[in-house]
Amino acid sequence: MTAALTPRNAVIVVLMLLLAAVPVYAAVTANTFLVTLFTRVIILGMAATSLNLILGYGGMVSFGHAVYLGIGGYAVGILAQEGASSGFLQWPVAILVSALFALLVGALSLRTRGVYFIMITLAFAQLVYYFGVGLDRYGADDGLTIRTRSQFAGLLNLSDRAQFYYLCLALLVVTIYLIARLVNSRFGMVIQGARSNDRRMRAIGFATFRYRLTAFVIAGAICGLAGALLANHTGFISPATMHWTRSGDLIVMVVLGGMGSAFGPLIGAVALLSLEEALPVLIRVMASPLFGDAALRMAEYWQIVLGPLFLLVVLFARGGIDGLLAGARRG
Amino acid sequence: MLLFIEQCLNGLQFGLLLFLLAAGLTLVFGIMDLVNLAHGSLYMLGAYFAATFAAWTDSFVLGALLALGATLLVGMVLEVVALRRLYGRDHLDHVLGTFGLILFFNELVRLIWGPAGMSLSLPMWLISPVEILPGLFYPTYRIAIILTALLVALFLYILVMRTRLGMLVRAGASNREMTGALGVNINLLYTLVFGLGAALAGLAGLMQAPILTVQIGMGENILILAFVVIIIGGIGSIRGAFIAAVLVGLIDTIGRAFLPDLLRLVLSSRGASTVAPALSSMLIYLLMAIVLVLRPEGLFPVSSK
Amino acid sequence: MADPLLEIEALTKRFGGVIASDAISLGVPRGELHAIIGPNGAGKTTLIGQLAGEIASDAGCIRFEGRDVTALSVDRRSQLGLARSFQITSLFLDFTALDNVALAVQAHAGHSFRFWRDARREAELRTPARAALARVGLAAREDVIVSNLSHGEHRQLEIAMALATTPRMLLLDEPMAGMGPDESARMVKTLRELKRGLTILLIEHDMEAVFALADRITVLVYGRIIASGSPEAIRANAEVRQAYLGEQEDGHG
């Protein structure tokens, strides 16, 4: 990994510095909303980074990745409801159950390719979603409120916004680093090779299935941890977190930010959530002179812009924001 | 027993609607090699158009016909303006691009028709039930759906089995050169095929509209079922889609109707009523998982793509 | 023959009503370069597909080093030492030439459940990869992204990758397809050097190359072997001339 001062690297450094500074700035300006917003960005960035491993590097388009956010969240929520609020129990369970489920789904889905695979992951996501809806004891459709955050025997106080924020940020950075190492290792070469030309991989002697399955499990496990974090953050978990359109959001983050790049997914998460906040304002500001009060209503429909914008990115800026920053991008 | 027959008919009806949806998807995939997630949006538009036009013209049938035409038009415009740029690209690009379109259409519908959803009422002659068996009254409308869908299925069968276009579908060809060799204007052909697919989706949507509510996002839920149908039946195979769709329709409907009672034999009453709804919804996906384990290419796969 | 390296026994494959392979029987001894020729549609690529493990035969048996491999997967066969090049180039287009070959080396360097070390810095992988590239004459192009290489260089790279898997036998499917006369001559030279120490099954249309390289030639027409023997015997065989070589003299078949 080179460390040249390219525009792209500069942006990343600035971004990380800004993220690190958020709680400080928020404390100074007494703006807690900022911390809340960016905690969410970081957690989703972590989830998107895990998806990038299989999507960006592995070419496995999973439309069911948000399921692991749900599994992780429900692990925390269910255990908390049953009286086990220790993070030392909840979080490993979240990771383990996510990994097992990924193993199951992957074993069934990875025998298929391309469009089949996409549809199958979609269907499995719905399966889990309906399972969640059926969990009467744990809120079913309405969801489960999580009254106490994960306890870490006094080592960490997750109720402290700043502490929690920095914990999430640390976990995000570790995730990005681990995945960056992973994709350049022998294992990563197999995953990338399988994406590039699976037939060739098998012809030179790789039994690609076991490696792709492993990547699938790793991605699921990391996302499960993100789910545990998310549940702590919102104090709530519901099946809606696992709906396949949420998986779509994660995919948007990865593609928008830049598939197959280490920081792309984080950039995508920042971009998407910024768009969510900024587009309505932008529309309101730009449309007011022309449409007056109607501009307020127009701003409500900002998502209308997002759809075609995303299509345009797919058609013309395939490497996402990271790709644009890095200049010419191969593939 | 009569209840069982009624549920079977309901299952058949639902299955046939799924077939219309799945057929449109498979047709577009088979000829243009395009994966279109926004297919469900066309289904939704069909329903919304029908509700609106029926209200304007005060006639269900007229509204339905206008809605069909409108959906066909939207489909063709969509193909020309946006989707044709996706041909030849990776399937991932199709999925991503059309996912963006889902977002767009959901918001557009929300903008035009508002968030509340609509309802579509049927004229008297379609509501009144018909006695199809001694003691069994079945809604005329549902019979109409079954007949209409079967007619369309017949039309598709003729199209696929007896025309050169159908030959392309059966061969799983998405080859522009081969299409061109048949002496056809490719751009026009693709637009028309996509329009046909859109019309099928719209038809399914408008027929389903009086039975379920017309609301934003209605396309996504049923789209996944259409995918499951295609997976079980085998991608690219219209015959497979038909059989799988009817199968899925029957299992889903009968499952939902009788599963609670079946479970009560095994579990406590409270247990059964807790588990039943979730399990019913999951039934189809479990079926898909089983098919995948036993026959990953589907039940009637077209020769490898 | 005593202990052939590759033994094909009554191999049969049907696609619907078409017989692509009609009870093909053939033995290739160690160290031989055996060429398979025949008109288009003779089933040559189908044969390689079955030998490599991509196509499941309907009947018959394939033995490699005395071992029945008929039911083995593609990757298992590669691990046993049976390497193959593709007729239509099949490479990792978005990687460099060196990366491509290094992957082939990696496939035979133990398991790849190693998650930490940068694979591009592993001499264990890069050194043999460079050697394979040098053997086919691509050493200077190692850092070029494969999609930027010429067609001829792609064909060379295919060979390099097959070599990097330290095979006992090479299945080469039209390595000279689409090459001009200079590139073909270079490829013939490369193959001639490879002959020492490797057993090769070569499918080719380029008759000059075939007669220059082959120890024995088998002629396939409509899935059936119509002749098999030394190059001189084949050249003199009347049936072969009529079915195939005659075509070649008029122009490319």
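The first chain written gets the first letter, and so on, giving A, B and C; residue counts start at 1 in each chain.
We adopt the following convention: a residue touches a chain if its C-beta (ideal position, glycine included) is under 8 Å from a C-beta of that chain, and two chains touch if they have at least 3 such contacts.
Bear in mind the structure is a predicted one, so any value in this text is a computation, not a measurement.
In the absence of subunit A, the touching network of the other chains comes apart as B | C. Of the two chain pairs shown, A-B and A-C, the one joined by more C-beta contacts is A-B. Note: centroid distance subunit B to subunit C, computed from Cα atoms, is 47 Å.
Note on chain placement: the centre of subunit A and the centre of subunit B lie 31 Å apart, centres being C-alpha means. Centroids of subunit A and subunit C (each the mean of its C-alpha atoms) stand 44 Å apart.
Counting partner chains per residue, subunit A has no residue touching two or more of them.
Residues 181-182, 184-190, 192-193, 196-197, 199-208, 211, 214, 330-331 of subunit A are the ones that touch subunit C when the two sit in their complex.
If you check the complex, the residues on subunit C that touch subunit A are 52, 54, 73-76, 78-79, 83-84, 86, 90-95, 99, 102-104, 106-108, 112-120, 122, 125, 145, 147, 161, 164-165. Touching subunit B in their complex are the following residues of subunit A: 59, 61, 63, 108-109, 111-112, 114-116, 118-120, 122-124, 126-127, 130-131, 133-136, 244-245, 248, 251-252, 255, 301, 303-304, 306-311, 314-315, 318. Partner subunit A is touched in their complex by these residues of subunit B: 29, 35, 82, 85-86, 91-93, 95-97, 99-108, 110-111, 220, 224, 227-228, 230-231, 235, 274-275, 277-279, 281-282, 285-286, 288-289, 292-293, 296.
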